[in-house]
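Chain nomenclature is as follows: A, B, C, D and E, assigned in order of appearance, with residue numbering initiated at 1 for each chain independently.
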């Protein structure tokens, strides 16, 4: 351990992952010596093929893999909030109760905050619905509202917009930026949308073969990220797609 | 009923939906007089905001809404296959058993077909895994394999690629095209990806306020769909996005 | 063996009941008789009674063990079994039936179609047998009387609870069973037309005892209270016999919920109680029963006299005598 | 309104008969093989019981059922009315129901508490679960002497005995229910940093509720059945006492009245719990819906 | 190997103590409040039972437990050994277990069949469920005369009585289990056009398996407990008969031997079913994992 320990304690990173190894059952390691640091307030997006271990990494950071074999060093802030890949609402609790579950504020204030968060994700009036009376995208938005109503130091989001249409997704981007502005959490977000990664994150990493295969800062930008110069955006996009799937036909990438 | 009945029986459409009304509980109708026809062998993509009723429509076509209030006329072929929005694998059946569940062929042949379908979606070797040992995208691919291993007359797919990364998604597009070539089913696919809709479908419809708000043929194309002229593609894309969300900032659409 | 340092087993019974003495008694019929008789029975006790609706062998033994009962009213067998269990008990008073031949507790009921004219007909029969109960002991006595061995018949172990015996008879699963009271009446009523009969065995099955843990009578206070209770108990026996109408109406019909006919039958077949002042004869008969059971059921020998506290005999006997006289 | 439309089933096309209410209200849906259950027909639920009664009545009337074995329904009714009129039935029932309710309350409390203690910690499980399983395996009859020793022969012993019978199904079902809660919700609770209390009230208890309610169905009938045993000991009133008395006097028809009362009580109580089940579990979408 | 690393917990940062096995094998994970259960400690499961035995032994040794009420463990052991040596215990046990197994087999068969009939169709439910609930509510003791009448007092009656007791929990749990199957899987089965047979074997039975297995836990102990009742009737062998005989003769120590045998049997059977439960339900990810 001596090799890393010294360095770890002095870094200002909010998240430090060193030499992370995780494997399920007897198979090959899903994560195989992964290193990652996230600075306080930094927004990192992860790309990676289906099954490459993105959720496994997030679960390791959230401390949810007690029983998974592996080694490595993981340091995270105390106050972590997770948006799961499935929306993971308690089926027996109504929408608002799901949103305020475990909220630190006193009940009345928490419910107020929850109601506001629900309104923000476009679900005002659905507070008393049961989760399974919602459409897929609505469930995902409730799960998002649950995270937005809190102020974590680290937000781990596993494809938080996967079930949303393009325009609802844009609105959710705004909400996320809002949260960033207010509380400056570090963010690690899994997404399958390369453009989304570029638009939202400060840094994009590609997970492959159990390690970070590529790591790129996104073009420097001011508050209004979307108006970035399309030039560097294009190049980065191509590079990321290349890293994701070296064997695919480049002609197709354009149409995506 | 006289108004529609005559027309219905004479049309060659595989799917006929007339005046479809559906509403849950006491709320306003989710579907409110929707009309839709799908010709035999036609591929229709539906876009629509989260909660606009896309899944509700698919469920109506699949005959799964016995207990939902509503009226209208729905005619579908006998042999319908559904890819649900959630991947909906039986948790107590291993992956291969899930894929061959209800397969018409004799067991050995069915398992052969299932194994092949699993290999096609990139899950060779995972036949004996339990569904909840799979990543989100892997589950979705199993569910896809289940549909690919059959030969339906109508395929209803509810965001079948939502949890897949860009490149796995491209591979799945190929598989879907393959299925189309072999069995010529009619397809109704929900997607949130406008480009995907344009690239895959013969026709794209936008669902809004309980009806088909916009309906467009995609640019004529030969077998190699992706190489279509980007010109009409762009225009169509802008038009569809406009129909989806009239209130959004057009500057952002470009970055998506 | 009175390690309690209390009243010696042969000391004279004390008559002074100290204040605050209580007896926990499981003797429902006496309780009811006290209630109905009013002043006719001297129930002006110097102690408190805690009534419990507990009767029969197993229940009283369990209650004795738990220390929640001082006296119980049972038939012949429980005291013997209690002794075999290791529970030290004493019988304080006994009642018999003066006209026991005409008023047996049980008769031998036969299944429809089974000829039963005398005890010899029992040979080869399937007979219901409940080892721990009075009916079980009776079956053994009957067999001995008939000169039969356990091997000459087929003893079918059946609990005598509820209507199991009549049902098993009716179903033809057994040929003979000891049945008594209203159950016999109803059985013969129901299945008599099908050929069911009953046979009187001509043996004594009439003993009834008041008994309790030996520790109770070693306590001088309780012994004195017991003395008063035994006297009243004897009077109650007589009173019940002499007031069949009240007993029928207030006890059988109102309290126990019997129909008029059933109650009438019970009153009609009620025997004249015999409450001896001298227990010697009863002890001898008990010894006989003990010997039989010990031999047949492979239990240790027991001296019956050790089970009886003969000091109470005269108390009961005199009280009964007075009650008869008061008529 | 009411102008029925016949089914239009063409080759290779599935529709279903609908009912045209007006020009707009055609309702033609694909006819699919339903594997789930249809909506229950109101009152139909009782038809099995009604049939049972009918068979009993018919059997008794035709003499196929020997009245000496099973009293005829009318005998039972008249006996029941007699018992009701002279007040004994009602009085006994009231005493018994009071006892059963008390035992039930204590048993449920104990069962849930122990299930939580043993279900949510390995220490609790190690200490509690074994003895409870042993208790469950041991015949109640054999425990009675011990219970008399500890709790006497009065009301306390009766309530304790009932509670001891009741707590077993509650414990097992609640324990099993909470142990079956989906791991995903536990993970959610962990990431939301719920404290134990909230974890129990928001996740464990509602998640175990279906199991608990099933246990309650057993507990309710169990509490009633236990009366038969406990009221044999020093009973002076109660439905169990009434039946025991009838047994000693061989009053078949009173026993059958008791059985009918038991049947009615048990059936009603069970239906009540199932109603509660449906109410409390509206969030579920199951085969039944 | 074995060089322990102490926890590094800095302000605002969570790590946990790890164990360095070598340069590469550091394992430092975030320390989160665990709400789920840890891995079970092997053998610890028995500690509650061991404690119970210890209390019994201590109580008997100090005289706090009256040997007339509850025999001392050593008395039970010697009596047990005596009974085992003269062969009575083993013989009685063999007879009883055979009976219980037969009753169990029939009861399970009947319970599952009826649960399917009543669980999967409204007609079946209407006809079957009511009478079964009524049967459940009626005291078994009261049924004994009827059973004697119909099935005699021989082996048949004993097996039938056991089966009648067993089928109730199997029925209720299987019924409840299958009715609780997630609607989504039923819909899946409908769209896959599964026939009834496959629907039952692939969806209903595996989906109801957790419920069934819980029912089996009750059924197994139930079948053993029923022996006490049935073997009183025309018994000549069997553990229930042995205990009944001991009761009538007041052989407390034999009764307690019986109770211990019951405890051991019941506990073992229950553990076996729970093992089966774990094996058969590996696909589940629950609070327990």
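By our rule, a residue touches a chain if its C-beta (ideal position, glycine included) is under 8 Å from a C-beta of that chain, and two chains touch if they have at least 3 such contacts.
Chain labels with UniProt names: A, B = Sulfonate transport system ATP-binding protein; D, E = Sulfonate transport system permease protein.
Predicted model only: the values in this text are computed from it and were never measured.
The chains touching subunit B as well as subunit D are A, E.
Highest C-beta contact pair count among chain pairs: D-E.
Note on chain placement: the centre of subunit A and the centre of subunit E lie 45 Å apart, centres being C-alpha means.
A separation of 84 Å divides the Cα centre of subunit A from that of subunit C. With centres defined as mean CA coordinates, subunit E is found 47 Å away from subunit B.
In subunit D, the residues touching two or more other chains are 32, 34, 36, 69, 145, 149, 184, 187, 189-191, 193-194, 203, 255, 284-285, 289.
Each of the following residues of subunit C touches two or more other chains: 65-66, 162-163, 167, 170. The set of subunit B residues that touch two or more partner chains comprises 62-64, 80, 86.
By the document's touch criterion, interfaces exist between A-B, A-D, A-E, B-D, B-E, C-D, C-E, D-E. Interface of subunit C with subunit E (complex): residues 58, 61, 65-66, 81-82, 84-87, 130-133, 136, 156-159, 162-164, 167-168, 170-171, 173-174, 297, 299.
Against subunit C, the residues of subunit D that register as touching in their complex are 68-69, 83, 88, 144-145, 148-150, 152-153, 232-236, 242, 245-252, 254-255. For subunit A in complex with subunit E, the touching residues are 1-5, 8-9, 18-19, 60-67, 70-78, 80, 153. By the touch criterion stated above, subunit D contacts subunit A in their complex at residues 184-185, 187-194, 198, 202-203, 206-207, 209, 281-285. Residues 5, 8, 10, 12-15, 18, 20-21, 23-32, 34, 36, 39, 289 of subunit E are the ones that touch subunit A when the two sit in their complex.
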